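Consider the two complexes below, in which chain A is the common component and chain B and chain C are the respective partners.
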Partner chain A sequence: MDAVEKANTERQKRWVKDQKVGEGTYAVVYRGREASTNRKVAIKKIKVGQFKDGLDMSAIREVKYLRELKHQNLLDVFSSKTNLNLVLEFLDSDLEMIIKDRSLVFLPADIKSWMAMTFRGLEFCHRNWILHRDLKPNNLLIASDGQLKIADFGLARDFADPGYKMTCQVITRWYRPPELLFGSRYYSTAVDVWSVGCIFAELMLRTPYLAGESDMDQLKTIFRALGTPTEADWPGHTKLPDYVPIGQFPKTPLRDLFTAASADTLNLLSQCLIYEPRKRISAKDGLNHAYFFALPYPSHPSKLPKCAAQLTAALPLEELDGNTLSGKTNRLKRKLSSPDDAKTRSSVARRLDFTKQTPGS
Partner chain B sequence: MANRLNWLQGKTVRKNTPAGSHSRSSSTPQVHSTSSTIFGGGVKDPSGRITEYSSDDDQCPVCKSDKYLEKKLRLLVSSCYHKMCESCIDRLFTLGPAPCPICNKVLRKLAFTPQTFEDLGVEKEIAIRRRIAKEFNKRLEDFSSLREFNDYLEDVEDITFNLINDVDPVGTEARITAYREANAALTLLNSQREEAYILSLRQAEELERKEKEMRAEELRREEEEERQEKESGKREIIERLERADGADAAKVVQRTKRERAEREASRKGVAPGKGAQALLRARMAAAAATAATKDTPHIPFQDDYYAYDDMFVLQRVYLDPSSEAVRKDREGIMRAGGYQVEEAWERAVRSAVAGLDLLPLDTVPSSYAMDQGGDVIMSSA
Partner chain C sequence: MAASKTPLYEASTQFKNWRYSAQSLAKVRSSLNAAAVSVIRNTFELDEPGSSSAVSFLAPDEELLLVRLYVSKIPQLCGFFRFPEEVEATAVSYLKRFYLKNTVMDWHPKNVMLTALFLATKTTNNPISLEAYTNNIPKTSPSDVLDLEFLVAQSLGFEFAVWHAHRALWGIWLDLQTVPNAPPDRATSQSEVYDTALRYVRASRLSDAELIYTPSQIALASLSMASPELATEWAESKFPSGSQGLSALQATVAAIRTLIAAAEQPVDVESVRGVDLRLKLCKNPEKVVGSKAYLAKKAEEERKAEEKRTRKVIEVEKAMAEGDPFGDELAGRLDDDDDDD
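Showing the complex of A and B:
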């Protein structure tokens, strides 16, 4: 057994897989724990076998960006047989569950708090030149202390150098901006901001704002809600590769749908949903928007509404025996972040870290 | 449920006339029963229902058929307030607009409405008042004095009276049009206010209903629990009596009852149910946390991120052959996607200056050796 294999087995022994909690297209997620401390983690097993030419692209992307974005980190990576396993922080709910839980009531301050955290996370990605490209409530995980964390970097990539095309088949349809629906291959951070705008609206409506049934229908849904863009609204959009004229819809004021929202709220929302990507607000400007400074102050994360599964999860284990949790485990989710494990990280990372080199020769 | 949906959609509510109703005076309004119909409109009561008027004396003034011969006779009202039976309407107006056989006003088939009131005058007045109320919806707040508001109401009443009694119809319509043009924005605003008010009322109602349901559910559950408790108590007594056949029966019964009462008391202290209670406690803890932590004003950035913004100034243009295609296409297919080549430049420059304040390595790790040319050689170990 060579040294690499040995190190790998050792690492594998640190973690114990418990039960399967979910399955995606390229990975299976298990609930697990650290063998020595019993700390709860999520283990994401990447399916390797089914891809002819090695690892799935999104797995590589996910590992790459999780390693890069420091305050959301991966705990460990090991392989067993031919599978690659990622050990991630275990977070038990996401924003989608909370939106769907009809027993919860959202205050304007709660929505403000979630939006502030989303914008802050997004700004961090953009600051590090990374486009997330799959923002949706389902991918905004909620920690037990109420902190919101952006997850699932399977579709993320860094800004393209000029001349490199990017794919337009990203972002879940309901949150996909019109420039991607029109097949643009050159886009920027504005695509994520559109998704955030859709999430913002969804938090207020408690139902997906722009829910199209197909890509064509999605455009129609957007235009029906926000009016068909003119050349003045969005210069050059008729020249985009997949442009097709879609019926003329009048522009209806957002106020008609969001009757209870304040003027600041609607202003930020409308700025997130501007057709022209260059005019769309940036994550940084979004954080400085008057909406966040106006009263009421954003709720403290610990006061945000939580769903029942999460409340029980926060309780000591013995209280849980025999009730609630077993039925709900398949809805639990996994994910990243907790800066407390720096030691593990450095032992795994094969990165060049010039600051820690020891003196010698 | 079906009933409720009906009135939501403004459908006519149909009830069969009770069998004994023939003995009643024939002029008594009766709720009419018909087959489904294309005719909308009619006067709705507050719950959105339309009640149709019909009597045994109904007779179509056009074809003279009556209830006696034609059981299903249903009279509808034209926009000129003349009655006609359904088959006459079909016959006269299916091929397009045609003159009314009574007053010669040109009518359309779809403009016929069901009749609600016995007196067509009332029917007409209500229709007109509804129309006027929709247009003239100013409120007291919109006027500077009560006097002006009263004058306005007087005017409205005047117009209404004219319309109902066909006094100077052309002039009156002109007055309405003039008012509509002058007050379009205010009218719209007021109608929106009204809608919002109705919506809030409905929501409050819904909330109340839900709460009531929940309370009833709770009560039912409690009762059920109590019943089960009692039953199991009885069973226990019987079982004990079975087992302790030699002992004093009265004593056994008494002891069991006392034990039960004790258990009951302790259960009430711990109730209701383990899981629910854990949840409740968690909710309460959350509520306590709510009371304890204060909301703080928004701070846009919570990390002290240094972006090296002061270390460089971005030029307007760089010599960059690789981005030429993108730059040339300022208004073309690449432009509308939002891609900006300046961002790529900014990234490059920022990354470059970010490396500037790192100290150069003055040492190399022990496992490496540096040769004269500055290349790193792996140690042989």
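Showing the complex of A and C:
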């Protein structure tokens, strides 16, 4: 046996697969455990050998960044025969499940805690020159101790020099910033911050804030909520490749919709949702925003609301598998809708959830 | 935040897992070579007792020579496809790293090189279709690339991110435009210094430098070969003149310059050809399609697969007999779909 194979077999023995819990285009997810400690893990088996161009790009991106980032999310990587297996921390739920669980009441301190953890994780990615490009509540996983972890690096990429062309077909539509909707091929960390703003609003509203039905409708939805940007608000935006006039909508104060929010809250929210990407707040400045230093202080992660699903066992396989669950219109819409990405990427993450039940269903 | 005190580079897999001393590199290579020779000798003997004594196996430095030749082919291919520099540099690193875990007697560098380059296009976000790739390379089929892709990825430990000296050189070059008293037109008036330094960075890729030194050390050494004055100017902007850090840096730079100068000598194609000819006779027969050892290994694998299939069929039949074609327990059948692809 080759040395590489041998080392691999050693690593492989550390982990035991227990049950298949989900399947996506490029991976199958199993619940498993570490043989010696019985610690629960999730094992994501990346499918290989069936794509005509070899290892799938999403798989490559995910592995590349998880290996480098030494995120608490990734415990180990091993491969078995012709398969690549990622061993990940087992996380029972995600922020989307928690938002949707109507039996839970969120205190302002709870929202602050989730926002602080999100900003902290994002600042780490950006400090490491990595754009996540798919932030949304169901990619923010929640551990049993309440810690929030950014997951799914299947669309991530690194960035360095300005002027390096990138694809604008990223980020799930409802969380996609206007510069990408206008087809900008040169963008920055600000794209992720816009997504965080949308998540922030969603935590307060308990429903997606900017839920457009198509890419065109998405811009309309944004402008209806935040007002059509003027040349002064966002210099040069009318020159972007896919720019089309959408119509004139007046600016309405955030206060009208977020009636219970404090001034600090609305200030941070508005800074995440600034049209001009260069003026949008950075993850680092977000962390230092007065909101996080004002009362009430963020809840301790262990004190955060937990959804019922975190406590119950996963559903049987047939209900977890395939499209049966994504039949819910709400879930379908959240998938990335761009033509070439829709089939392989964002949809994957949705199907790879460890627990697919929707609270209340 | 504690994390922010660790330089980014020191958190990288390159820093943690792919740094060696010249001595440890030599040791890794000689022990890989010795292990491979003993395995292959064994296989020969099983095939035909006494047959191994006539075989002249490759020595570690001969393996290295062959790898170097194929490293030098990567820039040519990249030029043809117009791949960005990052693809080229990444593929070179992959190829070198691969042969710190494998031997050329098992895997010939030609196909590994093609695979490493294809993988590098994907890991650096410059993908092209496999068809477009292999159609433009003579005598290469898609399977030549795909068959080895997983092995290469696995040998790299799935650590796809590589930090490059050409990026570090760019950083130093930007620094040099902002050091105190820099001539305002330095970017244009001294641009040939940058171009020359970049050529030395490219030459360094043929050496072991990246496995021993950091990208910025290699970049500084390259700059010092192009313009010792500018290299000193930059180093003194980072370290006080006469400090210990500065003299240590100068010693490192001198060592790298020696490596780069040696790497500039072209590979002697004749001697590599001799090595390649001998490789044909001493490569692992288990990996030569059609040989007895190859057939034996295949037959063993087929037998195991057959065993598994039979077991599956029996289970399915049993389930059918019990009236539930899908079985009733999921966990117990997990193994079945674990290695079907």
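Basically, the second predicted complex is superposed on the first by the 304 of 361 C-alpha atoms of A that agree within 3 Å, B and C clash if a C-alpha of one lies under 4 Å from a C-alpha of the other, contacts with A are read in each partner's own complex, and residues count from 1 in each chain.
Everything below uses one rule, namely that a contact is a pair of C-beta atoms (placed from the backbone, for glycine too) under 8 Å apart; a residue touches a chain by one contact, two chains touch by 3 or more.
Keep in mind that what you see is a predicted model, and the values were worked out from it rather than measured.
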| item | value |
| --- | --- |
| A:251 touches, of chain B and chain C: first, second, both or neither? | neither |
| Touching partner for A:57 - first (chain B), second (chain C), both, neither | second |
| Partner chain in contact with A:30 - chain B first, chain C second, else both or neither | second |
| Which partner, chain B or chain C, touches more chain A residues | B |
| Partner chain in contact with A:47 - chain B first, chain C second, else both or neither | second |
| First (chain B), second (chain C), both or neither touched by A:308 | first |
| Touched partner set for A:100, first chain B, second chain C, both or neither | neither |
| Partner chain(s) touched by A:190 [first = chain B, second = chain C, both, neither] | first |
| Touching partner for A:127 - first (chain B), second (chain C), both, neither | both |
| Residues of chain A contacting chain B in one complex and chain C in the other | 127, 129, 160 |
| Touching residues on chain A, where the partner in the complex is chain C | 2-4, 8, 17-20, 28, 30, 45, 47-50, 52-55, 57, 60, 63-65, 67-68, 70, 77, 79-84, 124, 127-129, 157-158, 160, 316-317 |
| Complex interface listing, chain C residues touching chain A | 3-4, 8, 11-13, 32, 35, 101-102, 106, 118-119, 122-123, 125, 127, 129-131, 142, 145-146, 149-151, 153-155, 157-161, 167, 330-331, 334, 337-339, 341 |
| List of chain A residues in touch with chain B within their complex | 71, 109, 112, 116, 120, 123, 127, 129, 159-163, 179, 182, 184-191, 234-237, 239-241, 259, 276-278, 280, 287-288, 292-293, 296-300, 302-303, 306, 308, 311-312, 314-315, 319-320, 323-324, 354, 357-361 |
| Contact footprint of chain A on chain B as seen in their complex | 196, 199, 274-275, 278-279, 281-283, 286, 289-290, 293-298, 300-303, 305, 307, 320, 322-323, 325-327, 331-341, 343-344, 347, 358, 361, 363-370 |
